[in-house]
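Take a look at the structures listed below.
Okay, so chain A shows up in both of these, paired with chain B first and chain C after.
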Partner chain A sequence: MIKLEAQSLTKDFGSVRALDDISFTVAEREFVVLVGPSGCGKSTLLRLIAGLEEISNGKLIIEGSRVNDVPASQRGLAMVFQSYALYPHMTVEENMSVGLRIAGKPKDEIRQKVKTAAQILQLDELLARKPKQLSGGQRQRVAIGRAIVRDPTVFLFDEPLSNLDAALRLQMRLEIAKLHKQLNATMIYVTHDQVEAMTLADKIIVLNNGKIEQTGSPLELYRQPLNRFVAGFIGSPQMNFLDGRITAAGDKKATINLDCGLSVPLEDLDASLAGKRATLGIRPEHIVILSEERQTVAPACANVQVVEHLGSQTIIYANLEDGTALSIIDDETTEQCPGELIAIDVPSNAAYLFDENGIERLRSSRISERKK
Partner chain B sequence: MAQAMAHRVQRSRRRAIVNHGGLLLLFWILTAISIYPLIWLVLSSLKTSSEMFGNSWAFPEVWQWDNYVQAWNAGISRYLLSSVIVTLISTLLVVYLSAAAAYALVVLRFRGKAAIYALILGGLILPPEVALFPLFQTLTWLGIYNTYWALIIPYTAFGIPFATFLIRAYMVKIPIELSEAAAMDGAGPLWSFRNIYLPLCRPVLASAALIQSMRSWNEFIFALSFVESENVKTITIGMMSFANALRSDWSVLMAGLVISIIPVLLVFIVLQRQFIGGLTQGAVK
Partner chain C sequence: MSSRIHRIVPYLFVLPPLILLAVFVYGPAFENVIFSLHSWSSINPDWEFVGLRNYRQLFANPVFWVSLSNNTLYAVISVIVQVFVALGIAAVLSAGIFRPRLNTFFRTSVFLPAILPVTVVGLLWQLIYQPSIGLIDQFLFSTGLGNLSRVWLGEEQTAIYAIILVSQWQWTGYMVALFMVAIAAIPTDLYEALEMEGATRIQQFRYVTLPGVRESTLIFTVITIFGAFKVFDIVWVMTAGGPNRASEVLGTHMYRSAFRDDVVGYSSAVATVIFVITICVGIVQLMLQRDE
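Moving on, here comes the complex of A and B:
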């Protein structure tokens, strides 16, 4: 069942178009993450949904009815703010019960609901405290508790973890994921952190410059990015982009000659791309470092700049001969040193190809064919 | 080298002590200047009139507490009551209406906000005396001349601009997310005004209340022009007619003056902490 639907939403601030033709649906119990770089309009989109900003154009539908003109207080949604926005003069219990008190619920019911939510979030001991007396993580929990208590149609989260330190962020991320399951809730979550998006989402909506770049499940976005922006945004470290020229195309024998000297054979490439410039994309984890015995066929050399040992894997930052920066994830324990030359290969079966407009041409076309 | 250093440190320390002492002395002088008339007033109110003129600086020979009883019975009680009523109502109105206006200006979204704010601030420039004659006519026309309302309404009107200015400056520092969170909790603007903004603005509301109550209490021109009956006159005008009536009895007049000061003093003592906090809050981030 569709809980919420956006139809061609537009938002203008004066002459600036913050959001342009945004359409998507949120199914019941779905966890949708809006992700994008800062200034892409993701928070504005959330505020449009919440009713805190007016919709300039388009339709917002919640549970079947158009809510464009319904004020925020009557949309039946709950929101967790980045700054928590707890009422500083009220205790935790009062903070959490505000929604129910405004709705005029009986006192027993309010107490029961607050108690249940407090137990879920391990806030039982803190109910009598004021926000000032809580740590960042606890405040975050209260903010979530305030949302839970209201039993909203949809939960909205606006970068809820960005004020927490790294360890706490990880812990709260897990808790939010658990909560989503436990409550069977529908959630829309805004973040600029693609790791958060990947780990939490059923569906990710990637926004850039006020437009949707791609919508899909985390793995879909990772494996089949529609364009260079999504390919670069999803995955850490970022996908490597190598510029080059396509020599021939069609009849399954296309090749791209990269500026760094490497040639990569490509299969099933659109014949119209022959002779054009293009960019090859390859994820750091897919680049192969060739051992010495195999270096006779070594297609390219890279100069190691920085090596990060993370224990389970090693991230190598290197420069190709033409100066292009490259990051490589190496699962092997072989230790590389800065200044060393390594031979690398780009396996064509893991590569992506972006044309001059940044559109992916190798995999996405195959996918659309498969869908047909 | 080290000696020169030590010397310099010593000298700067000495200078700091001198500066500190000088400042302290200045404060003491200022305090004496502002307090002395009050002490003189209280002492005079406890002397006989002849003693007051003959022995102006000394302590009273016999403490004349009876002066206060006389003053109270001569009509001060009546004036005091009028002043309390007028001050209390106008202060409550000013604080509530200004807070509501400030809330609207800060939180609500509507067209012409800047123009409305400019209009309210324009009231700061207008001297009350300018409005004396038109107000007199309006009050007569409304049929409230010579009633408490003839004072309460103008006091409120002239108090709102500054109070709105003061409260608004405080409210803009309350994160807007709080009212947004309240909206998400299902609250309308009135709820978040009463339950979030008013409680959080308590210090500045106290400041506004104090300033307004002093203004209403001490106001003279309107009180002189808009009421004439004895039982509506406020303390400022009351003291004037009192002075005429008691021309010979100066010490009783002094006692009356002391009585008229007490309420303001009490209000200030009760609210001063919040008052100073409210005025300076946000001055330094």
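Moving on, here comes the complex of A and C:
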């Protein structure tokens, strides 16, 4: 069942168009993540949904009815703010119950709801404390508790973890994922962190410059990015992009000659692409470092700049001869050193191809298609 | 050696203002208490120690009690208008109810009186209060309310109120501006979270604005009370404490005693009373702040 639907939403601030033609649906119990770089409009979109900003054009539908002109409080939504928005002079219990008190709910009901929410979030012991006596993670939980108490149709989260340190962020991420299951809740979550998006979402909506770049499940976006932006945004370290010219196309000998000197054979390219410039995309984990015995036929050399040993894998940052920066994930525990030259190969079955402007994907990686 | 320097350096930085304060503030305040225990005149080099006689005279003087009650009235009305009414105006102007241009107009017009010199304001309002030809009487007569007309500054019952009104007119806008700064410092998230909970503007004021400006309100209240007990200029310009000393305040009483009647010891006793009152207000403020 569709809980929430956006139909061609736009938002203008004066002459600036912050959001343009945004359409998507949120199904019941779905966890939808709006992700994109700073200033892409994701928070604005959440505020439009919440009713904190007016919709300039388009339709917003919640549970079948148009809510463009319905005030924020009557849309049945609850929002968790980035800053937590806790009232410093109120205790945890008062903070969680403020909405119910405003609504004039009976005291017993309020107490019961707060108690239940506090148990879910393990806040029982902290109900009498004031926000300043809580840690960042606890404050975050109180803010979520305030949302739970309202029993909303859809939960809205606005970058809820960005004020927490890395360890706590991971922990809260897991808690939010658990909460989603436990409450059977529908959630819309805004973040700029693609790892959060990948780990939490059933569906990711990638936004850039006020437009939706792509909508899909985390693995769909990872394996089948529609354009260079999504390819670069999803995945860490990000996909490598190598510019070049398609020398032959149409037959089995289609090839792209990269500016770094490497030639990569690509099958099944449209014949019209011959002679055009294009960008080849290859994920760091797919680049192959050639061992010494195979280096005699080395297709390309890269100069190692930085090596990060993460234990289970090693990330190598290297520069190609033409200066293009490259990141490589190496599962082997080979011990490359900065300054060393390594021979690399770009396996054609893992390569994506984008047009010169990065707007259109010309070819998907064969590996991802097999997995699909 | 270096650690000793580290210990001393902070004190060296604090020393110059401390010396200035000691010479020009704490010293005179202390000296003033000694003055108040003597009977002396500015043209007579002989001082006579009289103990608490000046204070006994002071407390027996009905003018002192009139002054004290006028100051208290000044303080109460000023706190109501310059703190609470000003907070209300600031909340309305901050809430974005009016269009931006109208907002700027209101803000500027309430603030404007604060930039005028007190003497100018005093003379201006003397004209406004002028019997028959003043703005107020003109208004009353033209609207058929002429029987309400009075000699506003010339009657014992109305003089102090007329002056207090002028102070409110002059300083409320200034306090509005200060409150607007305090309100602007409250995170907008807090309002939006309540908006999503369905709170009315009044509830938003109660749950967010009021607690958010609590500290500022406390400080502004104390500053206003200080101001009310130290007031001198506007009273001196408008009525000089008259008629029949009905609008006398501690400031004018002290000034008249020292520089008109030349009973400097007595005047110092008045100064000491003002000092003690303001210290008490300050202590109350510190206690309330510590509660927080």
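FYI, the second predicted complex is superposed on the first by the 358 of 372 C-alpha atoms of A that agree within 3 Å, B and C clash if a C-alpha of one lies under 4 Å from a C-alpha of the other, contacts with A are read in each partner's own complex, and residues count from 1 in each chain.
The definition used in the following text is that contacts are C-beta pairs under 8 Å (C-beta built on N, C-alpha and C of every residue); 3 or more make two chains touch, one makes a residue touch a chain.
This one's a predicted model, so the numbers in the text were calculated from it and none came from an experiment.
When both complexes are overlaid on chain A, chain B and chain C end up clashing with each other. In the superposed model, A:Leu226 makes contact with neither chain B nor chain C. Shared-chain residue A:Ala103: touches chain B and chain C both. Of the two partner chains, chain B and chain C are each touched by A:Leu77. In the superposed model, A:Tyr87 lies in contact with both chain B and chain C. Put simply, chain A uses residues 50-52, 71-74, 77-79, 81, 83, 85, 87-89, 98-99, 102-103, 146, 150 to touch chain B in one complex and chain C in the other.
Those residues of chain A that touch chain B in the complex are listed here as 50-52, 71-74, 77-79, 81, 83, 85-89, 98-99, 102-103, 146, 150, 156. Against chain A, the residues of chain B that register as touching in their complex are 175, 177-178, 180-188, 191, 196, 199-200. Against chain A, the residues of chain C that register as touching in their complex are 187, 189-190, 192-199, 203, 207-208, 211, 214. Contact residues on chain A toward chain C in their complex (touch as defined above): 50-52, 71-74, 77-79, 81-83, 85, 87-89, 98-99, 102-103, 146, 150.
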